[in-house]
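The chains carry the letters A, B, C, D, E and F, assigned in the order they are written, with residues numbered from 1 in each.
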Amino acid sequence: MTMLHTINKSPFENNALSSALKHAQKGDAILLIEDGVYGALKGTTASGDIWARRVDLRFYVLSADLSARGLAKGQLIEGLNLIDYAGFVDLVTTHKSSQAWL
Amino acid sequence: MKISILVNEGPYTHQASDSAYQFTKAALEKGHEVFRVFFYNDGVNNGTRLTVPPQDDRNIQKNWSELAEKHKLDLVVCIAAAQRRGILDEGEAKRHGKGDGAANIAPGFRISGLGQLIEMGIESDRLVVFGD
Amino acid sequence: MADAAKTPPAKPAKAAPKKFMYVNRRAPYGTIYALESLEVVLIGAAFDQEVALAFIDDGVFQLTKGQDTKPLGVKNFSPTFRALGDYGVTKLYVEKESLQERGLTIADLQAVTYEDENDGFKEKPSIQVLTRAEMGAIMQKQDVLLNF
Amino acid sequence: MKISILVNEGPYTHQASDSAYQFTKAALEKGHEVFRVFFYNDGVNNGTRLTVPPQDDRNIQKNWSELAEKHKLDLVVCIAAAQRRGILDEGEAKRHGKGDGAANIAPGFRISGLGQLIEMGIESDRLVVFGD
Amino acid sequence: MADAAKTPPAKPAKAAPKKFMYVNRRAPYGTIYALESLEVVLIGAAFDQEVALAFIDDGVFQLTKGQDTKPLGVKNFSPTFRALGDYGVTKLYVEKESLQERGLTIADLQAVTYEDENDGFKEKPSIQVLTRAEMGAIMQKQDVLLNF
Amino acid sequence: MTMLHTINKSPFENNALSSALKHAQKGDAILLIEDGVYGALKGTTASGDIWARRVDLRFYVLSADLSARGLAKGQLIEGLNLIDYAGFVDLVTTHKSSQAWL
């Protein structure tokens, strides 16, 4: 029974992503929304945290939030999945529970 | 599935209410039942009818009110949080002597207690939280 | 599930209680989230569900002892944690690593206890210190997680 | 000295308004002139007369209104930020067809433009910002 | 000071313009602060003061090019930065280390230019990349710092 | 002409203190208020940042915010100055400018 974790804050400003990654269990899904999508950028001081968990967690990024911020898929850590709001809904229904790391 | 949504921030200042709105719309479009949307903390400020956003921007309150009408959504504003922040319905405005016409709750929203939040956690298959 | 099994087959099965967890990650007073979360806990206690509070990250600061808000002119809500036992809320999980990172030990927190009605109303501590790994595992077992 | 204060957050949710209030009081007690207090972003929500905080808590709006009356303070709410968030005076409420009695601006506050913020930066010896 | 020196002694000296700096430390869209800060800059431009914008920490994200907010249904305000030159706001300081930490280079930002009326209306870049040390030194020289 | 920097966020959650310390100039004053006072605690993962600047910056902590949070002077990094709101006003008037690291 895996869980969905949503993160809506920039990892450069706030510890939400870092804390979520420390608590997420093998098989859980991490969804980056709002300013949380900055966590998906590769080659940053924060990228290592996601990279270290790329095997035992699944990562998703809300594409509407990415394009609003002028970020393109090529700038992101490899292996992340871009989804729309319908995909967000599917993540919610296919996981037992969800937690928002506010 | 039966889904409920909790909104913890007011309109415009944080993206929470926009995200919650887009999520709710997507859930309805996929055929899910939205059991309730509960507005808590500054989220109660989504329920004021007095906002006048710039013409070239979205109207968050109107978006919610129209979605509620179209899908018979239950939009509940927490009474304790609303009193702290100045969101009142007619009964509340009268009870606290704020004068005729002072009620500022928007169409489609209703004010009720925190029990409604717990109930939606119990009754729904999933609860999704949006905040700051 | 255990409850459902005990219900006589003739009656409709009463829904099993859900596991509610209130996740507290924010310090008190700088923002209202800690206080308004506690208000939900108090109301929620009447609903006969399984309730636990998690204190991680800056949330551990909510439980420091000796809070005195008089100079600020705001309400001190820390005594309310000590009343939770009377509402049947007896599981306050505090994360060990979060304490350590902040230079705190359990001795810096106020004592929160409850009277165990299944054990002769003996007074027992409500606060349990868990490791981060334990906390993550418990979170995953919840049905409803409320973050403010 | 001539001091001005900028408040960027609403009442209760963030400590900003409490801190700004305590700072303003201390500045006045030390004999400084407070040129203006400007409310921007969610700070405009400090100026609603409709809040009904719990009996055992402080009343932030009333604190500001009383301090303003006692010291002839100029409390200015930004009009653009206020429209976005549903804080209106009588003129605004009328202009936007919100009905009689809908104005929710509190005593001692006035609604004006962002120019007042720049002006207070120019005219004051010091400007202190409180926000989230 | 230079202005005051040029004023004839008979007239009361006009106050020297103050140095206003708008410090942008937050990303756009997740919160409204970037947008509402920009609204102050536009109004403030009419007041004949010395104006500069600093983009540090997540504030550098405000200037990324290609922002498309249609899927979000919110207003895209990034083109407004390009209009600042027409308002006489020509100093946009971007911090080098903040860019680097976020995996960005100046090429990821939109071009913002102004026409220099003291140099035959030649088009010049408004964005200047400064080191953190330079940024800190410039901040200390300001009269009014506005953070939102 | 030195400057006053106010920090109102916990250094464990947010990068405001860290960024302010990277930009503050020799002789500037740093005032911790609201949740910023947690930055004054000694023996934490964040204490090193203040300790490293203890010689060329001056540090102040708003006592009302400390006591609200149940923190006592003995728990703080040595050499910080506790002040009240009147002291806050004095810091504002005795520095050329102030910046709030929101």
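Assume a residue touches a chain if its C-beta (ideal position, glycine included) is under 8 Å from a C-beta of that chain, and two chains touch if they have at least 3 such contacts.
Worth saying up front: this structure is predicted, and the values here are computed from it rather than measured.
Asks: Where the contacts of chain B and chain F overlap, which chains show up?
Replies: Common contact partners of chain B and chain F, which must touch each of the two, are A, C, D, E.
Asks: If every chain is reduced to the average of its C-alpha atoms, which one ends up farthest from chain E?
Replies: If we average the C-alpha coordinates per chain, C ends up farthest from chain E.
Asks: Identify the chain pair joined by the greatest number of C-beta pairs in contact.
Replies: Per chain pair, the contact count peaks at B-D.
Asks: Could you please state the distance in Å, as a whole number, between where the Cα atoms of chain A are centred and where those of chain F are centred?
Replies: 33
Asks: Please tell me the distance, in whole Å, between the geometric centres of chain C and chain E computed from their C-alpha atoms.
Replies: Averaging C-alpha atoms per chain gives centres 46 Å apart.
Asks: Whole-Å distance, chain B centre to chain C centre, using C-alpha means?
Replies: 27
Asks: Could you list which residues of chain C touch at least two other chains?
Replies: In chain C, the residues touching two or more other chains are 25, 29-33, 57, 72, 74, 143-145, 147-148.
Asks: What residues in chain B touch two or more of the other chains?
Replies: Residues 8, 12-13, 15, 22, 41, 54, 80, 127, 129, 131-132 of chain B each touch two or more of the other chains.
Asks: Could you list which residues of chain A touch at least two other chains?
Replies: 8, 12-13, 15, 34-35, 64, 84, 97-100, 102
Asks: Following the definition at the start, I'd like every touching pair of chains, please.
Replies: Touching chain pairs, listed by label, come out as A-B, A-C, A-E, A-F, B-C, B-D, B-E, C-D, C-F, D-E, D-F, E-F.
Asks: With touch defined as at the start, can you tell me which chain A residues reach chain C in the complex?
Replies: 1-3, 15, 19, 22-25, 28, 96-102
Asks: Could you pull out which chain C residues touch chain B in their complex?
Replies: Result: residues 15, 18, 20, 32-33, 36, 39-40, 43-44, 46-47, 49, 143-148 of chain C touch chain B.
Asks: For chain A, which residues are in contact with chain F within the complex?
Replies: Within the complex, chain A contacts chain F at residues 12-15.
Asks: Hey, which residues of chain A end up touching chain B in the complex?
Replies: It comes out as residues 6, 8, 33-35, 64, 84-86, 88-90, 92-93, 97-100, 102.
Asks: Applying the document's contact rule, which stretches of chain B touch chain A when the two form their complex?
Replies: Per the touch definition, chain B meets chain A at residues 1, 3, 8, 15-16, 19, 22-23, 25-27, 29-30, 32, 125-132.
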